[in-house]
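Each of the two complexes below includes chain A, the first together with chain B, the second together with chain C.
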Partner chain A sequence: MASGYFLTILTFTAMYISLALSLNILTGYAGQVSLGHAAFLGIGAYTSAVLTLRYEVPFWLAFLAAIVLTGLIGTILGLPSLRVRHDFLVLATMGINFVVVSVFKYVDFFGGAMGLVNIPAPSLFGITFRGGVPYLLLTTAYALFTLWICWYLSKTWSGLAFQTIRNDEEAAASLGVNPARYKIYAFGISAALAGGVGSLYAHFLGSVFPDNFVFVESIGMLSMVIFGGIGTLRGPIVGAILLRLIPELLRFIQDYRFTFYGALLVLMMLFQPMGLLGNDSWLWQHLTRWFRSSARSAKEDVR
Partner chain B sequence: MLLLQNLSNALILACTYILMAAGLTMVYGVLKVLHIAHASVYTVGAFVGVLAFTRLGNFWVALAIAMFVSGIFGVLIYRSTYFYLLNSPRTVPLIASVGMFVMFTDLLQKPFLMGAYQRAFPAGGAGLPAVKTALFSFTAKQVLILLVTVILLAIVYVILTRTKLGLSWQAASMDRDMASAVGVNLNQSIAANFFLGSALAGAAGVLVGVYNNSVFATMGDLPSYKAFIIIVLGGMGSLPGAILASLILAIVENFLVASIGYVLPRDSIAFLVLILMLMFRPNGLLGRE
Partner chain C sequence: MSQLEIRSVSHWFGGLQALKDVTFDTHDEILGLIGPNGAGKTTLFNVISGFIVPTSGEVRFNGKAIHRLRADQTVRLGLARTFQIVKPFASLTVEENVLVGLGMPYYPTSAALYQRYRTRSNLDQVEQILAKVHLTDYRSAQAAKLPIGLLRRLEIARALATHPKLLLLDEPAAGLVAQEAEELAALVRDLYAQGLHIILIEHNMRFAMNLCHRIVVLAQGEIIAQGNPTEIQNNEKVINAYLGQE
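And now, the complex of A and B:
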């Protein structure tokens, strides 16, 4: 039982690593703060749940459909960025979350407030992935896939484009980088990846409820990205792990989880806006300095 | 007849939106911060109002106390956070604001504050008479909302146009550094701005609490979100725009719900309006440029 509990925590941590990394594409790379990432998680989860429950589509197809459909919706929702400066667009992302949750809640097709239950567990070659180690491997594989996409985006030309947009949109435009187009890319990719997590989430829990995808959940994800270090690969991973594990280890925080997330956001903004391991952060500077000096002394030792 | 009654209902809805949006648009005008934690100020206002009312039994005293406490709460939010982030990129105070909003909402739901249940706010119409004519009618509660809103807006109008304080806000909204260079005491000016804006939000919380006879910890979420839509619609930082936009949104909501019923949840209308506005008129109806 204890190991089952531990596996559940690890599975959720893997899912939240994917979520934080995908949100980081939008918030860290394209510089667009999003307060509605849980909506994409929800769209993916409901797509997959509806397809498998109502139309008896096999899990793997439903999983792909969740990624594609969430990606498409994300792209459409990114369209206002053609016209609007980013701090106004933040409002739109918050609205997406409210509307998506209210659609799940008030449209009977999606089960209303009672949610959707008895979502089947995925199976491949006769093996059923019902919780436990197999599911942990599945979510870990997905987290690695997300990491690879993020790494790819940051290493290729698009990574440079994202960086220029984040630093100065007008300068980027003058160099022939179209900021709006890259923002829409970021919206699409980020939403698609979150949609995939949504599918895994729905089939892991076996049920989905509108309240799983409310606004504060989005803030939880944003806290992970910002706490760890916005715009880096290491930041969201460390942020997701720490913010999932700290409330599990310190029980008294569990009851005040959102107070903790909120206070953390305020404190990070006041003292370390780049995050714990961001590029200009205190900790990262000291870590790199320490690594460099120890590498140097190791070299001298060899001599 | 029905049309006029719908219009007068929309007017009452608009009044609550106006009080909420006025505070937000004032803060945006001076600080250029999307002050999401404004929702918490609104809820705190309603909460203090209901506490004061049950202890003292007088609505007007309760309203005054609630407005004062909300105003102080707003100033504390400014001094503890935004004050240090004035020169950061715009997303930094925005994220801090989101953090405060989430933190206060969660704390307010705890049993030692408001708890997770609804409280009644049985102030009725505070002794005001109902108005009934052949064409339209207002209940006593609606008269109360209308009266308080008109009085508060008149006070804000006088402060904005007839006092040095209003002038200093105007200067600060154009250029903070320049305003400070010509002798505006920015700290005092912004703190006063927060006090007034937050007091208005507190009043809105009290009025909505009385009108629905219920006060609860998450009551601020939707109104604050709508207030943002209103200030986008009205042009960021423009008070007349906010008033016009409140009226438009309230009328659209009332008539769409009256005519086509619940095709969409009523609250998503506001969101669709926002997306359309952002696409086609990003500077709002009365915004500059």
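And now, the complex of A and C:
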């Protein structure tokens, strides 16, 4: 049914909004560019799948465990960021993605290349969230939760500290920010939120395979953040919506999704490095100018 | 007791010795640190402020050994600094840059994760600090868009927000026109009058001589002279090493 198909697309879009927002904490706020975010999605998905399938842990506990465990693993995997910066960090995060996928693929406990199947659908108070509108509500609620965390974080001292290490680590240290501590925080929080999406992802599909979390998926997530407007709240949301929906609406580019992402990234880097709705972007400046002038004329009309 | 005690500090960068057995104390004063390019002035600032652990020697601040502390720890003891090449948080506004300094007590605590920074009392403090350095009019400007003279003031404002006892200024007058340098000298005097001790590195000799109570001269990593500005101006070693070049 068309509406079922549409609901599935929206459910995935909600999950990718959460992923893009979570990556934005690390890359947008704290300036640590990562090409390994799919690894955290995978860790969350496998944690939840293993706990519910093998140990019959209820979904909600497995969901929380996926958040906590992915956050802890993200904290550990963030340690290389203390030694390497910039392009070397990007390479290190790529390496992390490859290692994590290899563990899923070659360790029997995780089902190997055949993955894990028959992952149960979540249920709460007798309601089973088996796709459709209920699952869309669940993933939307999580996207709103992620948005709230990002918004709140940006108002705290930690949010300010993230911005200082993105701008200049030495200046940050001279004012009392320990860059190492805040990089680790950013990795931990970003990974934990992605882990939560992983759990929702696994229980939505009912199966997980190592290939769901490969490096190109990480490129897709980073593209969403950069395309929409890195470091802002609106950017990753708009980026995730457009980059999930455009390939669905224009079916002929579906097979070339990653070619499309790649070309878009190159164009954005060349012409709008701040992204479509970044603070200094052409579109955002025009939009804010337009809002301001219409607010002014509305005021004059009232007079 | 001396506020800052530097004892036999030496530092090597690979095969290059940047500091050779540097020893001096600071007291209630504006102290100038001068010397030709490559004399080791900024390296010494980096040692004092915790960006470099010296190869040997000791630095004490109010009696406490600080030479093994990181920069984010020394600032907590009341030792703030600015940079020779300004390092503003370019994407933040002037106000936010100063707020970063006010956050110093929070960053190592878990309160940093939930406590908001934009409170009335913090904004009031920012206003006072900006008034002190005459940046009030630029409060909402993005730091990236400010000229060098204002950025130097912003770095001082940011450092003041950490409530320091000793302020290290690395070439505060570099890139400033004469009038801006004069205004900056007045600001430094003001800060001293308010109880802050100051060490400044300076290339602008007139600026340093007019402003500092005492001057330490470094050349090739060694102290070659120290004394009041008149003594320094008449010191032959200094004239040969540095002033003679002008």
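Just so we're on the same page, the second predicted complex is superposed on the first by the 302 of 303 C-alpha atoms of A that agree within 3 Å, B and C clash if a C-alpha of one lies under 4 Å from a C-alpha of the other, contacts with A are read in each partner's own complex, and residues count from 1 in each chain.
Keep in mind that, in the parts below, contacts are C-beta pairs under 8 Å (C-beta built on N, C-alpha and C of every residue); 3 or more make two chains touch, one makes a residue touch a chain.
Here the structure is a predicted model, which is why all the values come from computation and not from measurement.
Bringing the complexes onto one copy of chain A puts chain B beside chain C with no clash.
In the superposition on chain A, contact of A:Val99 is made with chain B only, not with chain C. In the superposed model, A:Leu233 lies in contact with neither chain B nor chain C.
Taking Cα centres throughout, chain A sits at the apex of an angle toward chain B and chain C that amounts to 80 degrees, reported as a multiple of 10. By the document's definition of touching, of the two partners only chain C reaches A:Lys155; chain B does not. Contact with chain B, but none with chain C, is seen for A:Phe215 once the two complexes are overlaid on the shared chain. Judged by the touch definition given at the top, the superposed model places A:Val266 against chain B, while chain C stays out of reach. A simple residue count on chain A separates chain B from chain C, and the partner touching more is B. Of the two partner chains, chain C is the only one touched by A:Val177; chain B is not. In the overlay built on the shared chain, the residue A:Arg166 is in contact with chain C alone; chain B does not reach it. Superposition on the common chain places the nearest Cα atoms of chain B and chain C 7 Å from each other. Note for the complex: chain B touches chain A at residues 34, 36, 81, 84-85, 88, 90-96, 98-107, 110, 221-222, 225, 228-229, 232, 236, 262, 265, 267-268, 270-271, 274-275, 278-280, 282. By the touch rule above, chain A contacts chain B in their complex via residues 31, 33, 35, 79-80, 82-92, 94-96, 98-99, 102-103, 105-106, 215-216, 219, 222-223, 226, 256-259, 261-266, 269-270, 273. Contact residues on chain C toward chain A in their complex (touch as defined above): 49-51, 70-72, 75-76, 80-81, 83, 87-92, 96, 99-101, 103-108, 111-118, 158-159, 161-162. Within the complex formed with chain C, the chain A residues making contact are 152-153, 155-161, 163-164, 166-168, 170-179, 181-182, 185, 231, 279.
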